[in-house]
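Quick heads-up: structures coming right below.
Two complexes follow with subunit A in common, the first pairing it with subunit B and the second with subunit C.
Take a look at the complex of A and B:
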């Protein structure tokens, strides 16, 4: 079991992390660039998506098409996306092609062509993506929930605001790239089959010579005036279901009680025997989809719940869910805690077999905690939780002050 | 990797691929039944039955089943398609025996009336949820239009009406006929002991009664059909184009999978450069769906209503150019790289191997290693892809669209 991690800091400050995996022939990698939605200047919501598209439309000496062909030629299974704080770009590929892949990604990060004509297309696609969210209420309700729950700008939409995208210019976006693509604040992670020394040598060569400026990160002010929280937002939509999103605050990954919180959420919604599935679906047949999960950013965390149900059952569904959230601190059985612990531990081990999920996990651990947790540490900390520790945590950190968003043909009352 | 196989006297096939280097194992029952094996009267029963398997046995209540699964920490689920119902779990080796025993028990469910009546609500909620997911709904509806009266046109979920009309008795009868051991494959992949696993399965599963089971295979009608429905709450046009393709048993499926990547991979394909790169459509992808005795390519497009005619014109041009000029060596090379790297990644996990193991067996009673699939992809020539284009003519498609009101 791979429990040893590699770590190296490049001269420019970029941290290179690695987790070797013996039994795979692939390697997965990712660059976490500090240009996520919450770090954007006011009025540019959605610019991260435009950037994510635009930087792939030609880089170094390659046109958009040549670059895409080169990536395809290496068989890179591309992955990436926009998060609250970071844009992630990377992918997974056959291990022997990694070096060539990194050459291309260095160009994409350091020397994107950023042509005006290509900007218009990237922006149009971002606008279209934001429009098409209206047709996917299940996704939209979660985005709106994050917006309502997290203090601004942390909860800012990772898809973007159409009005702000429409007035976004190439110049402004270029400026964001220049200010935000700070290498000293970038984390590179790799997992699978690789030679760490040669990766570090190559990364030093590729990135050290760059004159990319140090971070010009104007710190975004967080506005947590309590105005945005504890509110109920309804968006009318003449669909078949009412899509319910619900979120309540809990401790961050850095908190002493983090594992108690994770086990508590697992009792609520870890498996089919967990509280929500049992009460909402098995006993009452109210929903097909109902689940709650732990959701965190570096700065804040919550328990995020989704349920979709036909309009006449929406109120009862919400009432039962809120009842379960509130009831959790009143008592949990030994058997429930045991199942929750096994579920969490198994999930960590099962995910550890995939190079892509490991590359993502070590990168985000480092970003949030400043270090990478070993599988053993995670297992031990889960193991240490008890009925008393979880209940003690819940009594001091009650699931209250709910933020609720619904999309559908009928409103609900949050009692 | 070591392949193992055994057939019980009642026809149940047990297959396994042992990989001691894995940290986990995956186990599953593959039942050769789905919505194409239903009549119109009982449409949706296969999928509903999949839900009902979790409701317990004569000895276990639904709550006991859920607890038993969660005790093992397994990542488990089930899925129903037009022609297969698959029950699977990925689990740490120390819990494999428990999970395997549980699946074996559940494969002979109680199918109680009260559970059936309550679960009907959940099924109807699932139908409603997919009605609110046009990207899924459009494929389902296009498949029904493409196949017409052919049983592959049956919706997997059924309709609210067919589910309302369904009785527990009809489900029990369907179960007896379709969940016969000679219509099921038991498969296991990853880190497990073959002999030990066989000993768990053999004695209880040998009690299962075999049945006369069949599936009538026939040609799909397909053709240039076209339909559009409007939904006032939608803002984008969701389009599905479906055309004929090789079946799951046909060796030509490898060449067809390359063609689908060349035409409509999410990046670097013809659709990508002509539609997505130019911001005419935000989604334009092609998939190959090889099935039992038939197969389809389906293309899914999402764009603004203003762009629909431009987009469809370009799609016609792409297909015409394919018929006229074929593909290039360079396109073929890139498509091979993409498929090969995906093959390797998918097969690194026991769950990925289980899928491949089970489906190859259910369609062809054939064991294929990853290397077999890699060789098959590598061996495809440009002529092979051209013969797919000539034989199936992907430009001859059935078109289904769901979009906003045209007048608004």
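Take a look at the complex of A and C:
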């Protein structure tokens, strides 16, 4: 539970962040590159996923096979993925192998081989991945919900659109990599056991290059014309359940009321005693899985709720959930706020003990807030919330304009 | 990375295990109770899931509502679930709240309210949970595979059978709890920040009771008559993908060859450079997801493989996977063994840093082996494996008798 952080800016502008953790033998790291789904050119949805695969198929002087062998030879457990604005590539490994790992990752980022034949394989796997969503309605409803909720292009599918993947070319994808892999706009974070000085020296050497153009179109225009988004979208399938996704706008992490919003969501869905679990599952047995959580991008945020239930119970489930969202501003007890605060603090403490989650958290803090929050700061800010502060926030920011998506054999009515 | 463990046996026979972890502020704990799926009476498949829900619906002097409030008031992140032989209930929380948490869990285990009305809700949710599997073919194929592979009743569904849940009564379920919640056969494990002496004192007080009968039928007879299990089972659905599950027998954790088996599986599927990923995904682009892993119960073990692919590619995917399983004994390079060993050691190190995974691991070690393995022991035993030892093992224990299950719109032929 370190409360101190390391920070250094490389000459190329890349920010290097570190959080030392006592008595772990591992280290986790990640590069956040500005090549997420929302930053892609129109018509290329899914290119980020192709890129994430393609750049690992050979880099520097190594073939695809040699690169895989080298990464596995270091025992790297790869992590990362595609977000709205960023892609993350990184992993966790034994601390003594970090330097060799960074050598490989520098090649992957700066000198990927990007061969045509490998592109076709990477693209086909991305298409298959997008297809496979049809067998995972629970994941699919959340992706569709983000698409409906966030202003375009922020909500764009992080998995990709099959139609667009089918016409994506290696040339176009290469161009995206060239435009988007901007080092000055990249955040590197590391947590666990490491020597910050030697990391910085190595990173300065590895990334001493200026052959990457700056991203020119980083700030995509919001093309929210109110036409492509629906307040209610239903996707018919003949599955066993109705999967309900529901989202309502709330304040961003930069907002003064951020912690009030987090506590409010925790009152709704922070545990077995929280309102959604109690009203939907415990009292009425309406569904097996229900939860709501705070979800944010840098540009916007919301409360995101999922429930999976039988077709017969879908309408009542949605009605009860919407009822709980709307009536939250009407009153919250002292005990509820106390439990929500304990729950949030406890989650923060547990997360602070994993090097992987800390590497992710400091990178994301820096990207969204421009600085890293300490565990003490987070705990103190949670502690400062009160019944009055949360209710005051809710009365000015009611959970009432809802975006709803359902997948299943039966539609619902959003009342 | 503690290499020392705490152990104490309570007067009632329950074993208390601990692994102290430096510089964490949290603690994780779990009770392993002998009420898993395979230990249930015939016709009650799914009762473990009902029990896991029901016992939390009020205990001691607390109503369901009060109990939820109390648990959330401590910031407990609940964990656990139903296994073949055990159910686990536990969680992780701030270390200072552990004592209060144990008070609550003692009531949940010894004095659950078990009200009829609450039973109906718990049972209905278990039925809904079993139904929801139809929308999760990836999970379902693994459950069905375990059923086909392990001798009955070991492979019994840990989710439950809908037909049997529908006729399950509160009376019968109460009787199962009385018969199965045997304290002398329970393992309690804790990892993180704790004071072992005070835990033992508290546990001795809390569980100083003899009103729980011993389990009489702990050792279920294997009813493996070779008739109910199929070498190939296909479940038709009209989903987007064919989900393939495949399993072959191998040695148990108690076997001298255990680490040779683990390294062999790692050669097959330990990373991007491993054979399955290379042959199935990288070279042929046959499927998005493929992996194999070692899977064991106390009584039996196997190599379990999953792949999800399109109907067109399903046959080739299966053929390639089976080919790789069968040809593994024909030769493995020095480099492959080295990477496999690094990968396994790295995974062990990363897991050793999480209090939750350590609490689970020491409990499971003790249950299966009768003792807890240290990280050093595991690393040393991995280190001792060689090309010769792994190939020698494989030649006597070929990965060749395969059990295959598919779910999807098209059957395959197991050649």
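One rule holds in what follows: the second predicted complex is superposed on the first by the 405 of 415 C-alpha atoms of A that agree within 3 Å, B and C clash if a C-alpha of one lies under 4 Å from a C-alpha of the other, contacts with A are read in each partner's own complex, and residues count from 1 in each chain.
Going forward, a contact is a pair of C-beta atoms (placed from the backbone, for glycine too) under 8 Å apart; a residue touches a chain by one contact, two chains touch by 3 or more.
As the structure is a prediction and not an experimental result, all values here were calculated from the model.
Looking at the shared chain after the overlay, A:208 reaches neither subunit B nor subunit C. With both structures placed on the common chain, the touch criterion links A:349 to subunit B and to subunit C.
When both complexes are overlaid on chain A, the residue A:281 reaches subunit B and subunit C alike.
Within subunit A, the residues touching subunit B in one complex and subunit C in the other are 1, 22-26, 64-65, 68-69, 71-78, 92-94, 120-121, 124-125, 128-129, 131-132, 134-138, 238-241, 243, 270-274, 277-278, 281-282, 285, 287-289, 308-310, 335, 338-339, 342-343, 345-347, 349-350, 352-355.
The residues of subunit A lying in touch with subunit B in their complex are 1, 22-26, 64-65, 68-69, 71-78, 92-94, 120-122, 124-125, 128-129, 131-132, 134-138, 237-241, 243, 270-274, 277-278, 281-282, 285-289, 308-310, 313, 335, 338-339, 342-347, 349-350, 352-356. Residues of subunit C touching subunit A in their complex: 1, 22-26, 56-57, 64-65, 68-69, 71-78, 92-94, 120-121, 124-125, 128-129, 131-138, 238-241, 243, 270-274, 277-278, 281-283, 285, 287-289, 308-310, 335, 338-339, 342-343, 345-347, 349-350, 352-355.
Subunit B makes touch with subunit A in their complex at residues 21-24, 54, 62-63, 65-67, 69-75, 90-92, 95, 118-126, 128-129, 131-135, 232-236, 238, 267-268, 273, 276-279, 281-283, 302-304, 330, 333-334, 337-338, 340-342, 344-345, 348-350.
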